[in-house]
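Think of it as A, B, C, D and E in the order they're written, each chain with its own count starting at 1.
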Amino acid sequence: MKFLSIRNLPVSLLAGTIAAIITMQTTSIAAPQSTTDTVIERSKILTQPGVFGVFTMFKLRPEWNKIPETERMDSAAEVAKLIEKHKDNVLVDLYLTRGLETNSDFFFRINAYDLAKAQTFMREFRSTTIGKNADIFDTLVGVTKPLNYITKAKSPELNASLGSATYAGDAPRYVIVIPVKKNAEWWNLSFEQRLKEMESHTVPTLPYLVNVKRKLYHATGLDDIDFITYFETNDLIAFNNLVISLASVPENKYHVRWGNPTTLGTILSPENVIKALAE
Amino acid sequence: MKFLSIRNLPVSLLAGTIAAIITMQTTSIAAPQSTTDTVIERSKILTQPGVFGVFTMFKLRPEWNKIPETERMDSAAEVAKLIEKHKDNVLVDLYLTRGLETNSDFFFRINAYDLAKAQTFMREFRSTTIGKNADIFDTLVGVTKPLNYITKAKSPELNASLGSATYAGDAPRYVIVIPVKKNAEWWNLSFEQRLKEMESHTVPTLPYLVNVKRKLYHATGLDDIDFITYFETNDLIAFNNLVISLASVPENKYHVRWGNPTTLGTILSPENVIKALAE
Amino acid sequence: MKFLSIRNLPVSLLAGTIAAIITMQTTSIAAPQSTTDTVIERSKILTQPGVFGVFTMFKLRPEWNKIPETERMDSAAEVAKLIEKHKDNVLVDLYLTRGLETNSDFFFRINAYDLAKAQTFMREFRSTTIGKNADIFDTLVGVTKPLNYITKAKSPELNASLGSATYAGDAPRYVIVIPVKKNAEWWNLSFEQRLKEMESHTVPTLPYLVNVKRKLYHATGLDDIDFITYFETNDLIAFNNLVISLASVPENKYHVRWGNPTTLGTILSPENVIKALAE
Amino acid sequence: MKFLSIRNLPVSLLAGTIAAIITMQTTSIAAPQSTTDTVIERSKILTQPGVFGVFTMFKLRPEWNKIPETERMDSAAEVAKLIEKHKDNVLVDLYLTRGLETNSDFFFRINAYDLAKAQTFMREFRSTTIGKNADIFDTLVGVTKPLNYITKAKSPELNASLGSATYAGDAPRYVIVIPVKKNAEWWNLSFEQRLKEMESHTVPTLPYLVNVKRKLYHATGLDDIDFITYFETNDLIAFNNLVISLASVPENKYHVRWGNPTTLGTILSPENVIKALAE
Amino acid sequence: MKFLSIRNLPVSLLAGTIAAIITMQTTSIAAPQSTTDTVIERSKILTQPGVFGVFTMFKLRPEWNKIPETERMDSAAEVAKLIEKHKDNVLVDLYLTRGLETNSDFFFRINAYDLAKAQTFMREFRSTTIGKNADIFDTLVGVTKPLNYITKAKSPELNASLGSATYAGDAPRYVIVIPVKKNAEWWNLSFEQRLKEMESHTVPTLPYLVNVKRKLYHATGLDDIDFITYFETNDLIAFNNLVISLASVPENKYHVRWGNPTTLGTILSPENVIKALAE
């Protein structure tokens, strides 16, 4: 049964249809609910559904340079302490973009089972010395969900290929974040049509899984985008070829936003990100 | 009789047509006029037609951090006093967005029978300590009107379903505001065509009414949008699925703006919003 | 004779065509020239063709709050004096938008027979205390012209209806300014086609003339818009219905800009506008 | 021979085609080269091809008001001296936009045979008192070239009409600058098609040449526009009618940008522009 | 084999297809890997594939003018010292745009075999006196790759023509940087179709190679563009004609961004760029 067919139904049939939809939908809503244990384990929280991701891009104000260098350097410890304080609530990653981006110098990725706790961390960061001397350029909010298209049931060969392709490169030094929004035509395709498009989207990415790690957050309604795509790599030319492959399939024709901004940074410990900005 | 058919009428028939339209329209104009009692009751003003809604998103300036903390904390009482002063004129809600949004730290929703009184409240807020240290990022102005499409007369089954679906979740912790603008093609559809589209828009939302509360303001001509859609929920994954459902019906193809910005915040008392920002 | 048909003429016929056009056009250029008497009478200047309109939207800078309140209050007299000084050159209206708009706190409408005199007034305003503490958000420049489409000769019934419909509401408390730009397809329609579209645009507005006053300035070439539409009303719900009616006719499909920004404010004397901002 | 036809040629034919193109093109490149005499004569430099035009729009910062008035007034002499210093390298015009524009208070038009010399003048202006207190809002760079479409050879009647139509109004008090960008469809038309469109563009402008002066700079590749169109007039209603005429021909359908911004100002001596801003 | 055809394959065939793609792609990924010798030679690094290019456009803040002139002049030596420090890691070029551009005063082009080293240089520049007094307006990141379309194998005649056309003008005084983004339709064309379009794009550029030097960086996925095109010339009228030629081929119809911004500057030594800004 498709929602679109409702347009052609006599109104008198709607009541029964509605009842059926309610049953079906509420079931699927239950599925991606988050687990309730609140201790954060990196390997777990980064692979589970029902986890919120908050990306916040910051740009230092010129006033940052007027703070004495020792005080700037102390920021690294101040932020480390804040991360420690919230370690049962949020997983914090920090990346360095100064030198590679126009509108940011560094950005956070916060993972949390409860979005309000991610908000609290980011709010408290704003009261640190570096937080008070930085402007927010962008915030992206999303949530992880179970695989939708390339599942064992719906696309078994591709699912197997995805499962067997594992990252085999050096430790990634680079991070790329690309927000995605799809148009109304995409969302009005039937599930089967979208599955077919996602299959032809997935196939050319397979050779790059050895060089590029990736992670997906869903954002429709939480933000003005549909997806946050997150990548780590040590081979930017492989990554460039991967994105050209993604550009070259029909699914790309349904994008109203793909990047804008694309954020490219380097992967460092939180302490080293802040020290690099404090020098 | 449709307005569009006028294009094909001989000009000599226009005079009579005009007279008929005048009669018809002035009747309908009278309908949504606001009541005249000026004492504000929350449960009443939030359900009546003819009520103006003013949403104002604010971002604190860096100067806010330079004000002594006790003075920042005193702002909570100052704003509470202002709300008390205007309590017979406006209903004031305040929400916290810092940590979840780029361009705002908090926002107001003002409901008022007389728009000028909402303006006066918001103008006086600008002279408070926190108001003087904040920039406006966005203002949305709309007005509530009686149900138009899914009424008892025009769409009885769906109207009944809407009536019987009630919110059954925990107290909502999250608020989402999404402005909407539709294109000229939408407004040039006949009422019957728009009714059909709104029916297929409404059906997939039914299962989510148990998790998501919603409210609608009309804004055409008062602002550069057609609608302000306001949601409260405690289940953001359900909300994400709801918005995907809304994206997946043909009515979405008529949007020229849906969000941009979407505003996501948390629901707190005015006092707690300001205290959170004063910490 | 239409300009477009020139494309299909043999080049050798162009010379005669050109001569004919020169004669025809220079006649029509002469028509809307302004009168030469320079004393400004409100009732006259607001109804004549050939009058320039300059709308300037201002937003106070945070520094305004740091000026002592008595000095802020003195601004009302300073601006009143400036208006008096220029009263033979320009008609000045001032409106309050603070509390209803994001990007402005107040705006001017200047009417003048000579645009350079409007420029001089606005330039001198920039040197007043309030002018020095405000940023310009938007400037719109247009000129009034004789009725083009719904004239006695071209559309007699509608012209009569427009003439007999007069404002009968309370004194308007609200002002709305909506800039309009039409696309190349619109301007490439024949006059007869545009007349037909403007007739179907005008008919649904008739019932609202009792609630809404309106005035039109032409801006093509003087600004990046084609028209400045100016409205006064005391019934914003009627106004909302009026604009929905205008959205629902085919002429709306030719808009590349309609609003963006729409400016909504309250109608007060210049003195009271400045006092409201000085409080 | 057309470039587009190359797509259909067998690759083996390309070499000969290329040789032919090289010959043809290098000839035409030579044509618009600038003359080498470096003394600037207004009447000459404003009519020759191969002359660079740099338009720079400036907006005074609030700090300008804090400079003592005598020092502000001295700026007029400082700028006059700078113009004198560079008088063998650049022709300098200055216009007043304060009061008519949102984003600028004044703008320069620099004409120079050598673009680097225009750059040097504008760079040195930035070190004057007024230059240090102004922000650049826009810069447009173009170059004059020989007539392309309406030449004696290609469109003899129109060329004759253009030649015989001369400005006969009062000394122009107003200047308008409108940047233009055309889309890929335009540039992919054959020369003959573009000639035909430019003929139907030119014909309706003829009656206005008596009221409006105009000048054209080419900008493709030097800037993000294709043309800078510059107008002087004393009759803004005639100018409004002229631009409506230009909007009403099919060539307008190929515009991706026409204005945005349109700049409207008044024509004064450089000294008087700065004095008006210093008052 | 084409990726697009995958859409029409029965799902059961996908596994074999995937294996083939993995083999094919990983081979081509290996090709453009950078060389490992880290000493930078200008003539080598500017012609090799696998070299990263980082373009950063800067605009001086008003505070720059408040620094004593001698200190501003000392910046030239400070930057020269920084370039010397990093000379084994990056090749640094600096260009002057003040006077020709709105949003920048100067810009860097950094070439590096390792992007992280380019980032480090640009980060350290931000701590110099001039770097602390400048805002970034734009950053473009790309990488050089081997020729793709007009190769000896795929387009032998054109390849030969390109090889034989060499710059013969005076030392270029001007630099132009034009970012390019192509739409989904372009990337969904088959390689053969794109080759044909690139041939008709290349042919009209041949006559200009004597006047204009050019260099290409690939940016898909690293930035929100697909290409960074870089030009040097001493003949801006030839350059204007070149870009008109590029606008006039069908390939232009696939651009979603071409310029925006186009950056035009003059070529000077790093020391002279900073001295020109310090005067």
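One rule holds for everything that comes next: a residue touches a chain if its C-beta (ideal position, glycine included) is under 8 Å from a C-beta of that chain, and two chains touch if they have at least 3 such contacts.
Just so it is clear, the model here is predicted, and its values are computed rather than measured.
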What's the distance between the Cα centroids of chain B and chain E, rounded to whole Å?
47
Rounded Å distance between chain A and chain E, as computed from the means of their C-alpha atoms
29
Two or more other chains are touched by the chain E residues none
Taking the touch definition from the header, please name the shape of the chain graph: line, ring, star, complete or other.
ring
Order of the ring members, counted from chain A so that chain B is second:
A, B, C, D, E
Would you tell me which residues of chain D are touching chain E in their complex?
3-4, 6-7, 11-12, 14-15, 17-18, 21-22, 24-26, 28-29, 32-33, 50, 52, 54, 61, 63, 115-116, 118-124, 126-127, 132, 136-139, 141, 143, 145, 184-185, 187-188, 218-224
Please output the residues of chain C touching chain B within their complex, sorted ascending.
62, 65, 96, 98-102, 155-158, 160-161, 173-174, 176, 178, 196-197, 199-200, 203-204, 206-208, 210-211, 235-245, 247-250, 252-253, 255, 259-262, 264, 266, 276, 279
